[in-house]
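Have a look at this one before I ask anything.
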């Protein structure tokens, strides 16, 4: 029974990682950069939803939509102001900029909302608990897992069927060729950031529904772990992000339950290191050959 | 039909008698480079297939072919950037199976790159010194503690670097940043850097690309000069036919990853298969 | 002597001279008692951060790899230093503080160096962003592990336990899990810190200008070309990474022995980012720049209270702006044009020069 309990918790946490990992994997696949600030967009999303619920008295659905809208704008702004000027620069410079952006978001959040942790108000997401015999499953868990599946399916359809999705795949394969074919690369990258950031807002709300403590650093650790998940699954691959995220969540919960609570994070990172050494392209990633 | 050799592990290849195009310089000598049934597949596509080439000591050979024929891939196979999926590469009689780029370089291959790969942020002299790296013998601690051996070797390195730069009259540029040099000078610096590694085989990937006719002519003379002075073999990829025909003693034509012709400049120019590859098939009835 | 060599020599002399002059001035201020209390308390930490910044610059600026786990090596040094010092005192009754400090710093450097080498072997095969995230992961793993590490001395021998505090009665605890390294006798001195800076400068500057340094820079500029020239790339990245780790360990030991406790939360990812800011602001590959920016950014929050509140915000903006200004081709050419009259003014008697 404890095993099943842990498994469900792991799936739920893993689903959150998977949704965050999608943002990383899409941006990495298309803009070829590690958007270190992605985790902090989650935090902003959670804070906006918190304000909507607590201060503005919005209904939960509207609060979530508002949070998604603001995060989308934020994502596009970050990309346009900080990353676009560095499109041709070395990856070292882009990564340092992204780290700077992550810190900027955290500190702006610190100035606006203060350092004291806020407790995220309960919504329809975590309203009830289902009972299956002895097993108790909170509605947050169910909704998180369902949201993950819905997002995954719709994103896969989006990239496969729509014009913008096809443009994204083109830019990811060969930016230069895509440009020559008349695809607006800058706009495609902006849309990628917009989608990733909107997903980050959802992830933020889901994260805080399961773990209702909100502070400016809330996003950074899940962000780093979700990147780990994206790498685990194979960076650039949407099903990979889902697989990596879910596996990592399960590994983390089981590690905490059966090995040591203190070493939960260490286990997650050890997984990352082992994966990168054994199969650097991740579980579902494609190998990339450097052109000489 | 040529016989395909699927590579088996642990089969040591031994060099064959040279069938180099310039035999008079190769009597009783093992070839510098021998590519035997060389091939590589990228996801089912045979980028290079059954590539056989022997280059004798002090031979200048050309590798030509239309764009996308697999010329640079051949270079990458010889220098071990890619591990061949078929066949073998022997350098100075040594089988390079399983070696990496560094080990291949130590066997005596040096190369330049189609899209110039200089150490942009370093000076011209430092670039050449990197080529000298493996000939300088002092360890890290000697360098850190600045023992006499360090200064002696530094002096030696400096003199040798200037000597090499003199080939192209580039000594004056020694202190310039490599990335800020004009295009032609960057190409020449790449050749000097490659020569600094003391190779027995020099691979030049489009050395005349982006040069004007005058510069190309100068380069042509210099390639011959380098061969005579350093007594090395040179294999070059080039689209400028005046350079290839003018300086190469043997020419190998590649199309769709396969060799379609081998021979001297005159033979190649008269070869109908080569003309077809470059200009397309003549229609019936046309002159 | 060539122009490039002369510039490099002048640059090195200026670097050493500046550090020595600063030391002499501060020493005379201490002798005259004109130094403020808060600045005096900052002297040893400044030394530590200078060593951290210069060593990280070796990895980022010279070898071109972003390491985000530098604070992890510092914590290894701090813990090792505290344990060695406590062990020498409790088990061997070594009363001489200078001897204890020097041995602790050496031990910290060796420990961090070994760990750096062990981590480097797998990590340096990776490239770019992956390497950054894996060094970050290692930093976090180190922090998690010391959180559940217990080390004590009893009957003259060291006792280790992991996850649970399993020590015999009467054990003197040196490392107590999440409480960190406890009951340290602060023995660090400014003079030792100054000597450590000199050693760091000596090692790093000489390494940069030697055969190995050239090879490391070549690897940074173009990996494939360096390999084609016969440079064993991984070996040289290892040299840079391990040297930097060892120096960070030494700085950590000095830092740890400057206070009475060392806790794991002092060496989080944030601390690695602080050092990254020193390096970026001082200029990638510019050792003198790292020394100056580490000093200024450590002193500034003490002097300016207002700055201390917005320190992290300012750091974030610094990182972004410096990167955009130095890497965007349009902005760079604009800035160059802005500064070209000034540069022309200095051309005749140019001093220093960038070593990278």
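The first chain written gets the first letter, and so on, giving A, B and C; residue counts start at 1 in each chain.
Just so it is clear, contacts are C-beta pairs under 8 Å (C-beta built on N, C-alpha and C of every residue); 3 or more make two chains touch, one makes a residue touch a chain.
The structure displayed is predicted, hence computed values, not measured ones.
Student: Select the chain at the greatest separation from chain A, using centres from the mean of Cα atoms.
Tutor: B
Student: More contacting C-beta pairs: A-C or B-C?
Tutor: A-C
Student: Centroid of chain A to centroid of chain B, CA atoms only: how many Å?
Tutor: Taking the mean C-alpha position of each chain, the two centres sit 47 Å apart.
Student: Indicate the whole-number Å distance between the mean C-alpha point of chain B and the mean C-alpha point of chain C.
Tutor: The computed centroid separation for chain B versus chain C comes out at 43 Å.
Student: Quick one: report the Å distance separating chain A from chain C, using the average Cα coordinate of each chain.
Tutor: 32
Student: Using the touch definition from the top, which residues of chain A touch two or more other chains?
Tutor: Chain A, residues with two or more chain partners: 292.
Student: Please list all residues of chain C that touch 2 or more other chains.
Tutor: Those would be 224.
Student: When you check chain B against every other chain, which residues touch at least two of them?
Tutor: Within chain B, residues 81, 113 contact more than one other chain.
Student: Please name which positions on chain A make contact with chain C in the complex.
Tutor: 28, 33-34, 82, 85-86, 88-97, 99-104, 106-108, 110-111, 220, 224, 227-228, 231, 260, 262-263, 265-266, 269-270, 272-273, 276-277, 280, 290, 292
Student: Would you mind writing out the residues of chain C in touch with chain B in their complex?
Tutor: Listed in rising order, the residues of chain C that touch chain B are 2-4, 202-203, 206-207, 210-215, 217-218, 220-222, 224-233, 239, 356.
Student: Which bits of chain B are touching chain C when the two form their complex?
Tutor: Interface residues on the chain B side: 79, 81, 100-102, 105-106, 110-111, 113, 117-123, 125-127, 129-131, 133-134, 136, 138, 140, 143-146, 150, 153, 158, 174-175, 193-194, 196-197.
Student: Under the stated contact criterion, what part of chain C meets chain A in this complex?
Tutor: 60, 64-66, 68, 122-123, 125-126, 128-130, 132-134, 136-138, 140-141, 144-145, 147-148, 163, 224, 269, 273, 276, 280, 310, 312-313, 315-320, 323-324, 326-331
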